[in-house]
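Structure incoming, see below.
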Amino acid sequence: ADILVFAAASMRGALDQVAAAWEAETGHSVTLSYAGSSALARQIIAGAPADIFISAAPAWMDVVAGEGLLAAGSRVDLLGNRLVLIGHGAAAGAEDVAEDAAGDAAEGAVEDGAGIGPADADAAGVADLSTGYELAVRLGDGRLAMALVDAVPAGQYGKAGLQALGLWDAVAAQVAQADNVRAALALVATGEAPMGVVYASDALAEPAVQVLAIFPEGSHAPITYPAAMLADAAPEAEGFLQALQAPAAGAIFEAHGFEVRGFEPLERQ
Amino acid sequence: MTEYLSPQEWQAVSLSLQVALWATLLSLPLGILVAHALARWQFPGKSLLNGVVHLPLILPPVVTGYLLLIGFGRRGPIGALLEEYCGLVLAFRWTGAVLAAAIMAFPLMVRAIRLAIEAVDPKLEAAAATLGANRLRVFATITLPLILPGILAGAVLGFAKAMGEFGATITFVSNIPGQTQTLPSAVYAFLQVPGGEGQAMRLVIVAIAISMGALLLSEWLARVVARRIGAKEG
Amino acid sequence: MTEYLSPQEWQAVSLSLQVALWATLLSLPLGILVAHALARWQFPGKSLLNGVVHLPLILPPVVTGYLLLIGFGRRGPIGALLEEYCGLVLAFRWTGAVLAAAIMAFPLMVRAIRLAIEAVDPKLEAAAATLGANRLRVFATITLPLILPGILAGAVLGFAKAMGEFGATITFVSNIPGQTQTLPSAVYAFLQVPGGEGQAMRLVIVAIAISMGALLLSEWLARVVARRIGAKEG
Amino acid sequence: MLDLSLRHGFEDFTLEAAFTAPAGVTALFGHSGSGKTTIVNALAGLLRPDAGRIVLGDRVLFDSQARVFMPPHKRRIGYVFQDARLFPHLTVRQNLLYGRRFAARGGAGADMGRIVELLGIGALMERRPGALSGGEKQRVAMGRAILSDPELLLMDEPLAALDGARKGEILTYLERLRDETALPILYVSHSVAEVTRLATTLVLIEAGHVMRSGPVEAIMADPDAVPALGLREAGALLTARLAAHDADGLSRLDSEGGALWLPHVEGPIGAALRLRILAQDVMLAVERPQGISALNVLPARVLEVRQGAGPGALVQLAVGEARLLARVTGRSAKALELGPGREVYAVIKAVSVARDSIGEGR
Amino acid sequence: MLDLSLRHGFEDFTLEAAFTAPAGVTALFGHSGSGKTTIVNALAGLLRPDAGRIVLGDRVLFDSQARVFMPPHKRRIGYVFQDARLFPHLTVRQNLLYGRRFAARGGAGADMGRIVELLGIGALMERRPGALSGGEKQRVAMGRAILSDPELLLMDEPLAALDGARKGEILTYLERLRDETALPILYVSHSVAEVTRLATTLVLIEAGHVMRSGPVEAIMADPDAVPALGLREAGALLTARLAAHDADGLSRLDSEGGALWLPHVEGPIGAALRLRILAQDVMLAVERPQGISALNVLPARVLEVRQGAGPGALVQLAVGEARLLARVTGRSAKALELGPGREVYAVIKAVSVARDSIGEGR
């Protein structure tokens, strides 16, 4: 009656709530083990007794799938996310153009709280990051905080996006790479780095940062959080995987800044 | 205090204590042996042993955890053997956390004990030998009591390290509440949630309190022992 | 060998060496002072000092890194002062990596040196005092030479730890190739990518080689020193 | 019976010594730095000599050719170190009992209570060595070695740190140990008084070599050995039998050289004793002197007069069956016309034969 | 001038001592465990006594009431420890020079070369203490303390580990140190011979208390002090002047008690000397003896006869201006009818006055 879920650490806030709701509803219990996607995937390959794996990037889910450890047909693209450019507090690296617009938008997003996803932020007036964005100018001699650009998904997406927008080369030398997205966020939140690239979901809950711009869709591969059941999962796992895709869960995820992907129906054998 | 921490946090605290204590106690005898070998014996492969002992210090903890996972996981060569012949499963159990913590603490422990052994006057050991004590008895009756302060120092270093160990543990046994979620892993999990710093700090304070308690206890014990030994020279 | 590592990896290797060396050298004098205070002096707040020294061991490295960021960042109270009055910037600089490594290595260093000091026969120090040497001179001419093996042990422990330190460093100064990307950061990055294990291991081997070299060197030096000191007792 | 032949080189020093120590007390006598401790360490197994052979009774302890090296704990050799080497973490009592635990006979050998009393350490039993005076430490170390019930006792200047009274008591005890048990003792000392009182065999070491070795009486009465022992310490050993105790507190001893009156000598009538009569305590007279305070006047015949480098002369005398040495000035030797065959009287003050020169004989 | 008054308690031992040590050598004499090292440690500042006051010259080193405690390195007190305490990481040379670096006069005091030669450690200069014998260590320790150019020298049984010949040489040097420099020395010893040869002042310690203290001549010639010193060591000190060197190797000394012929005594004519004449080396005769080997026959008058507990009697004699002690048996005392006022002859063999009982006088 107990299922074990291995989930990417960045999902912690939202997933805890979803799991609590499901436990209350079904009387089953869920244990959530949060760590980096890479560590979790390797552990599953090494025989970890997980029932469900939620990765922060398709690549690690692919690796687990490649080992033949997934329950056939159980993999879904559970969530999506958006990448945003953030600045520290109200005094983002550049005191000019972006300040008012972006600042107001971010504050609005925070104040309005739950229910406002990136799309809403978009609607609230935060501009899309464009090729014309004077990123290097605004950055000055400050640092651009990102997750490891060649290793951690948020960093990889961010690098791809900046490259696509033609902004990468100008700032590449100033990128400070953190070991995960949360650490990058902390660099901006403390003001050590004036700007950073993080997930919209991270930016949402951190009052010390403001969203300056959103990476346009298509500037990088879609950000996807795949979820799947392991081949030898407990039977209850299936119920939880479904609950993750239910509208109630979707609301929670959206409240935490994730995009809820068009849920694909589970194929049952 | 019950209100200060949630039940799950209490679990992490007590698990960490349990892991650190076992890691310290289990590795102590081996640590003393290895320290003695490095301090007093001459044998081929001594440098190698010395190097291996220091490895966990040199390697990034994640790498140590990764190597443990490969070696001691259920599918790893040693892990599979242990499970088959001893019925001992380490991976994703608190026992695995003990192994990880013990390995990470080992070099600190060995160094402290080794320094203490090297400080024992070999003339006293020689005197014991002339009184009929063989090597083992000399060790048990002369060397061991004289290095007690060093052993205490090693133990408390090891315990503190085991309480703080994170990278190797989470990589090896993951972060399963109630089973492998130690205090540092819980802190890590909090730090993944925006605004979780405050909660993380609450746990950090608990960790500090425990380790400081152990530290004070060890210092007190060391003083008692030192007073018993009295002046250096007989 | 040039082909074995990419230029960027070479950079990481040499930066790690640089950071570990500076961290060891810079913290050694303070480490000796603190070890001496803990071993031989009586003063109020001694337990507190002892606790603070052990903190980096007890705390998960990420927490240490985070605290460093808050304290020594450009906006941190200490960091701002340092920048204003000493022109010393730590955040995102290799100097910050040195600070992180030094702090993480500090408890190991202090413990080793402290044990060595406690093993020095106070009667020899008393003899030096009767010959006219004041406290400082007694320390410099008697205690210090006699604890050289302990200092070496502390230094090599500190160096190894500094070579392997990852969590606090990347949290504090992040990972900027050529400036703050140390060997462990590079290893970590490889381990995050599927199939990167092989590349990570390549770097790990370099790290091991360097630290083993330091270890062998320290053991050799310790033997030389021990031979000079000869038998324990004068 | 100990048979030893060793070669060992330090940087600036080479030891090349061979001697045989029969049962009893063998004294190693020699200047500071002459190699005494080195020999003793080799015996105990704490030093592995470059070459040689050590046989104790029927056990080969060391043989460089046969590649035999018995480890120290199997040798059953008690060692009183020049530095006390007490175990700092154990009380005096625990130090004393340390060796006993491992003793073959379960410590049936010496009686703990008696040794503690003799060494005067009864009040110290619960102290730790850090709280002992120098002499106290040395006494505890002695007790520890004796109580380990060894087959050979090595003592490296055990009495150097003790005062005269305590020294005398302990020497008396060591004599008993020598006579009552068969325990052989190898005794390192700088003090001729100690040596002659205790030793049955004497080994003179000089710069790493054995100069002389043999029965102590022979060496002590030999003018040739005088330089090594020191002039002031030259003197002969007499074996005597306790013949009577007089009411005025004097005891009569019958020696090979005749009857001697000495201040009260402890012991039963008939007991065998050894007397050391220093050459400088013997006065010579050509006529039997009258009205003097010296009680012992023995007729003697001069055997040999050896003029020393200085103003003194050593005179070897035949007194009955025994040999005595007398030290006189050259001026007196001339005045008294001393020469081989001359009949003289040897005058010995009763009180000159000090209590600590009288040992129990063997 | 040293003025000391101390109280200090260990668990089972209480020291309560006060004495004054004038310039010259003050000997602390007492049984093992009587508190000698404790006193010396307090002087050096290595032990902080419970109460008391120590004044050296015009410097207050310790005063419990005034809360003065001068740290050891400022006291300028050289200390030769009972255990040598050489610095193991330094060579013998570096050990010797250690104190000199801090010496006030930049080590202008003693001459290094001379001390090294005298101590016989020239060949050891580049060795480390681990490679020294017990006696060698002690000699280096002595050199180290002397070379630190102290204002007071403490020596805790410095000669215990040395052989007779070396002891004699070093005593000679210490005498010179005493006489040529004004360096006061506090000397702990168990050996009366050493004490009487060196000391000008004697402090007898018993169980933590000062039993007697005063000029050494007075205490040595006092039959009351004999129990504390040991019977065998009883004897008087004579002050004499070197009067002549004879061709046959004898020297004449003019003492307050008359002329004495002794084997060659080193020194220039006119030099002041101190002789220790042991009570047991003095023979008494009622008529002047003839034809004997003893050269020195001094007319004397009995002052007091004190029958001891045993069979012996101590006879105090007036010989000219001087006092002598003689030890005879009760039987002889009766036979010779010794009693106050009796005129006798004191017979002293020339060779009895051992070389190490002749010190340079003051």
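Chains here go by letter, A, B, C, D and E, matching the order in which they are written, and residues are numbered from 1 within each.
Definition applied: contacts are C-beta pairs under 8 Å (C-beta built on N, C-alpha and C of every residue); 3 or more make two chains touch, one makes a residue touch a chain.
Chain identities (UniProt): B, C = Molybdenum transport system permease; D, E = Molybdenum ABC transporter ATP-binding protein.
Since the structure is predicted, the reported quantities are computational estimates derived from the model, not experimental observations.
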item: Far-end chain from chain D, centres as C-alpha averages; value: A
item: Equivalent interface positions on chain B and chain C, same or different at half; value: same
item: Separation of chain A from chain D, taking each centre as the mean of its C-alpha atoms, in whole Å; value: 93
item: Whole-Å gap separating chain C and chain D, where each centre is the average of the chain's CA atoms; value: 60
item: Mean-CA-position distance for chain C and chain B (Å); value: 20
item: Cα-centroid distance, chain C relative to chain E, in whole angstrom; value: 57
item: Overlap residues in chain A, where contacts from two or more other chains coincide; value: none
item: Chain C residues counted as touching two or more neighbouring chains; value: 62, 66, 123, 167, 188, 191, 231-233
item: Residue numbers of chain D (touch at least two other chains); value: 83, 131
item: Contact pairs between chains, per stated definition; value: A-B, A-C, B-C, B-D, C-E, D-E
item: Residues on chain E engaged by chain D in the complex (per definition of touch); value: 10-12, 30-33, 36-37, 82-83, 123, 127, 131, 133-136, 139, 156-157, 160-166, 190-192, 230-233, 246, 248-250, 261, 263-264, 279-281, 283-287, 289-295, 310-312, 326-334, 336, 347, 349-352, 354-356
item: Residue numbers on chain E that touch chain C, as the complex places them; value: 44-46, 71-79, 81, 83-89, 95, 98-99, 101-103, 128-131, 137, 144-145, 148
item: For the chain B and chain A complex, residues of the former touching the latter; value: 62, 65-66, 69-70, 73-76, 91-92, 170-171, 174-181, 188-189, 191-195
item: Residue ranges of chain C in contact with chain B within the complex; value: 47, 50-51, 54-55, 57-63, 66, 107-108, 111-112, 114-116, 118-119, 121-123, 149-150, 153, 157, 160-161, 163-167, 184, 187-188, 191, 197, 200, 204, 207-208, 211-212, 215-216, 219, 226, 231-233
item: Complex contact set, residues of chain C against chain E; value: 123-124, 126-135, 137-138, 141-142, 145-146, 228-234
